[in-house]
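Two complexes come next, and they have one chain in common, chain A, joined by chain B in the first and chain C in the second.
And then the complex of A and B:
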């Protein structure tokens, strides 16, 4: 029922990496500054915080860097990017940087006059205006004053939704919209959170796995894992239930589907812990592996099972 | 404790998953499974005893899981001046890091800290658990045992984590050995008063400190040990642990995550102490959340809780002994092999 373990030892890591010694010739390479032509080769260069990138006389410092002793120094771990004379470091782990057109999954944090505040894993809460949601009863319906008074019947605090980034406000906060029948309130599943950098831009962020599980890969790192919606009940088809758009009721979900949802969630957690970028093909391959192993859902979270899972990923990773 | 935001459909999904014939939790655990608990003692070099505990850390990740740091610091208190209590006293405090509860306002955070402090204080500082070796000089000096716990991150089940961390820190605590001393003017100094003139270079004899056995009228004490040796707290096997039952009648689950806590607000905290070779003692019981329970149900919960607490206790006990071994025997072996 319960098992205890020790914290992973840090002393071994220090022993191996802490005092790396180099051959004198190599040492020069390690500490060499970037020259102008280093950027030309189009190779991605990684930095760690405190590492000197280049001279501040020749280059300007951008995000993720600072200047000390006439040197541009990285303040975050990530990849070095250069635009003309501007040096920036794009952090490996950061909050979500929104771009217009991105698909995000968010959670309502606040209801305000004519707008909702949405947590979308960004630096600021996103804004969803009442005018950028589809109201029940037809797309072309006009907003009424009564709609402003019953905003909580559409979305209330804690509700999860899928939306698209529409525009930015002057302070950098993003404005969302749900003016498509694919967007809106989320039901029938659970949320998994991963670092946003692991979500690649895909043709479609609505993924449906053959095990009866649908995924919405939000570019902000929030992933919605839910029961599959039948083709005939998807938006635009006859079976589509327009009244259920703002419903809080879940459908009946059988146990096999629930187990599949849990299994997919655990796979996503493992892949995120191993820092594997998520695409539909990777997820599919991992799921097939997990089913082949016939291990229980819980065992997936064990360390060695996770390592085997990641090791088994071949073709999907290389895409 | 602190309620995370969840939507109605998430809450419903979690509840119905739990109420099916074969209950399933979001991460695939069964109802009575704990997440992996990581424990290390002796993490704070300046404390008399300390422990760090993490429930449900994500493998290979920097963060994740409920993270609690507990440390015990002993302080000398003067009983005569009214600061201390004869026999020593125990004071607990819990601090919650604002980064663990970023969605809470500072007032709400204070309330939460206070709630957790009260739970810990009322259980651990209870007379029945009081260690007998907190006296330094009877009637004059005593140790004040401060237990400070910091919640560094919360992903559910923080009360169980606090009690386990506190128990580990108390287990690890070493009380410095003391020896009472008295200041007594040397015999010779009174005698030499009048003959100072004629014998200036007389040897003044021993110092004013006398460290022989004088427990009855001792004024002060000294520490005979050179470094931080000492003896463990008496009755350290008795320190309680807590097991939290998240109640969704007719079932209950252990070690709930934040979303599960938000979906199932009714909780029963049971603090058990397992003194060696005697039946376990229910030290405290606390019901939190809305709703009411009938007595028969609470009784059955206590019976079940004792079973879980017993398992939790023996697992923690063996881990603590393993930690003792790691820090004493193995460290010594490694040191001697290095030389």
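And then the complex of A and C:
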């Protein structure tokens, strides 16, 4: 038996709010209810904290909800999602919620005995153990005491790195690893931060744009925009070269590439400001539009140019 | 009559033309402020506050970290130009510290801090203009900022001041009225009607308390409605923006000419 608790019975109010302002004293309960379609309908349902979603007898509570008096109640503002009997509410904007296997970009905040602390836009700093990085002199090597003493030669405070979420500690902090040739220290580029919800899971989070720019879309909302590195160069012959992997020096970057990097970064900032989810195709289309306009890179950040850019995305796709 | 201004005239109007139970105009702005996780600018009449929320994030003060829940850290700053008479208050002003502590204790039972062990939630309150009802404005703005930051809350917290002029109760006092009449601040959680804060700095007759208290709780519901509109407004806008973007991406899926790296 499914019983829905306290839904008001008017339904056409949904479309109206947003453009009406009300005097506080006006009794207008008509506007109040959410769209009260059942979960069966394929319509997104929005909720705010403290709003009852359904009865707890028929459904289980997931993230973003709590149970009080046999009712499942939302605790964040966002969209209601249902998987069978599990009800969750996804906040529109929040910190990054890590999952094992996610690709993240982070910044070292602290060097501690046998581990680094990494800021990854999550609720706590992530941990990168010395045992979960590639050590110089061969991929498969045991860590030595000398490695512990020279941890700062691998990663120092402020260094940026790309890593994968390996596991969680009991208190919810995440543990990272960089035991792959694709992961490790970042250089030759620029970091852009966007809300994590805008980064969707893709087949690959390493994207090369044809303009000579590589992107790493970290699921935590940190995006690394850098100069394109040829695949063969990156991996080297025998795979591993400690000098290159842990180097702190940028390669030479020519003027055109610098402009392309800045242009891509500005595009990402604009799209994030308009809350457009970032995918490789969207970014490419936006880049082509920006090049067509033949305006200078910094003009992209003007409000009207940004609006045109976002509008052009829609029209280009409809054609 | 103790003062020269008339708090409530014969026609039942207050000094700024409001009726007894009338609240001032509420304006809510939930635009993103810089790198903050959530922010809200709230105006009650001429009182204006801006609250930014950072976190939950790694606790900077190791000693204050709690192993089973997050720490709420409230910092408050009052702009020197916010009052009628201009004076600079230090950050360590006792009144300001006290108000920050009150905000923190109001929200401790409401924020689900147990979900974020060893973290810290920073709440920065900036007072831009003051014209009475400062604490309720700060509390309401903090609620909104926490909601926009995606911090899980049991419910909204809606606060309002009430005062009594001789025997007639008034709501949402201005500075003029606060100086003259006994008043109190009440913060309620509208769904359960639980009260998270009641505070009084003046003496109020015990027989007037009940009436005023109930009135203030009722006014909380009205404020809740305004806050809910603002939050839903923003949620709808963001969700629509995301939908428009992602639908486009899906349609383009077939003939993408992006070079995808397949180094996996």
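Note that in this section the second predicted complex is superposed on the first by the 234 of 319 C-alpha atoms of A that agree within 3 Å, B and C clash if a C-alpha of one lies under 4 Å from a C-alpha of the other, contacts with A are read in each partner's own complex, and residues count from 1 in each chain.
Everything that follows uses one rule, which is that a contact is a pair of C-beta atoms (placed from the backbone, for glycine too) under 8 Å apart; a residue touches a chain by one contact, two chains touch by 3 or more.
Just so it is clear, the structure is predicted and the values come from calculations on it, not from any experiment.
In the superposition on chain A, A:124 makes contact with chain C only, while chain B stays out of contact range. Of the two partner chains, chain B is the only one touched by A:157; chain C is not. When the two complexes are overlaid on their common chain A, residue A:83 makes contact with neither chain B nor chain C.
Residue contacts after overlaying the shared chain place A:263 against chain B, while chain C stays out of touching range. By the document's definition of touching, of the two partners only chain B reaches A:301; chain C does not. Applying the stated contact rule after C-alpha superposition, one finds that A:255 touches chain B and leaves chain C untouched.
The partner that reaches more residues of chain A, of the two candidates chain B and chain C, is C. When the two complexes are overlaid on their common chain A, residue A:274 makes contact with chain B and with chain C alike. Shared-chain residue A:149: touches no atom of chain B or chain C.
When the shared chain is aligned, chain B comes close enough to touch A:188, but chain C does not.
Shared interface residues of chain A (contacting chain B in one complex, chain C in the other): 109, 119, 274. On the chain A side of its complex with chain B, the touching residues are 1-7, 107, 109, 119, 157-160, 185-191, 248-250, 253, 255, 258-259, 262-263, 265-266, 269, 273-274, 296-298, 300-301, 303, 306.
Residues 17-18, 22, 24-25, 31-32, 34, 44, 46, 48-52, 64, 66, 68, 73, 75-79, 91-95, 109, 117, 119, 123-125, 171-173, 182, 193, 197-198, 200, 203-204, 206-210, 231, 271, 274-277, 279-282, 284-285, 313-314, 317 of chain A touch chain C in their complex. Of all the residues in chain C, the ones that touch chain A in their complex are 22-23, 26, 35, 37-38, 55-58, 67, 70, 112, 116-119, 147-156, 189-192, 222-223, 225-226, 228-229, 231-239, 241-246, 248-249, 251-253, 256-264.
Contact residues of chain B toward chain A in the complex are 5-10, 12-14, 16-17, 20-22, 24-30, 32-34, 36-40, 52, 54, 58-61, 254, 259, 308, 311-312, 315-316, 318-319, 326.
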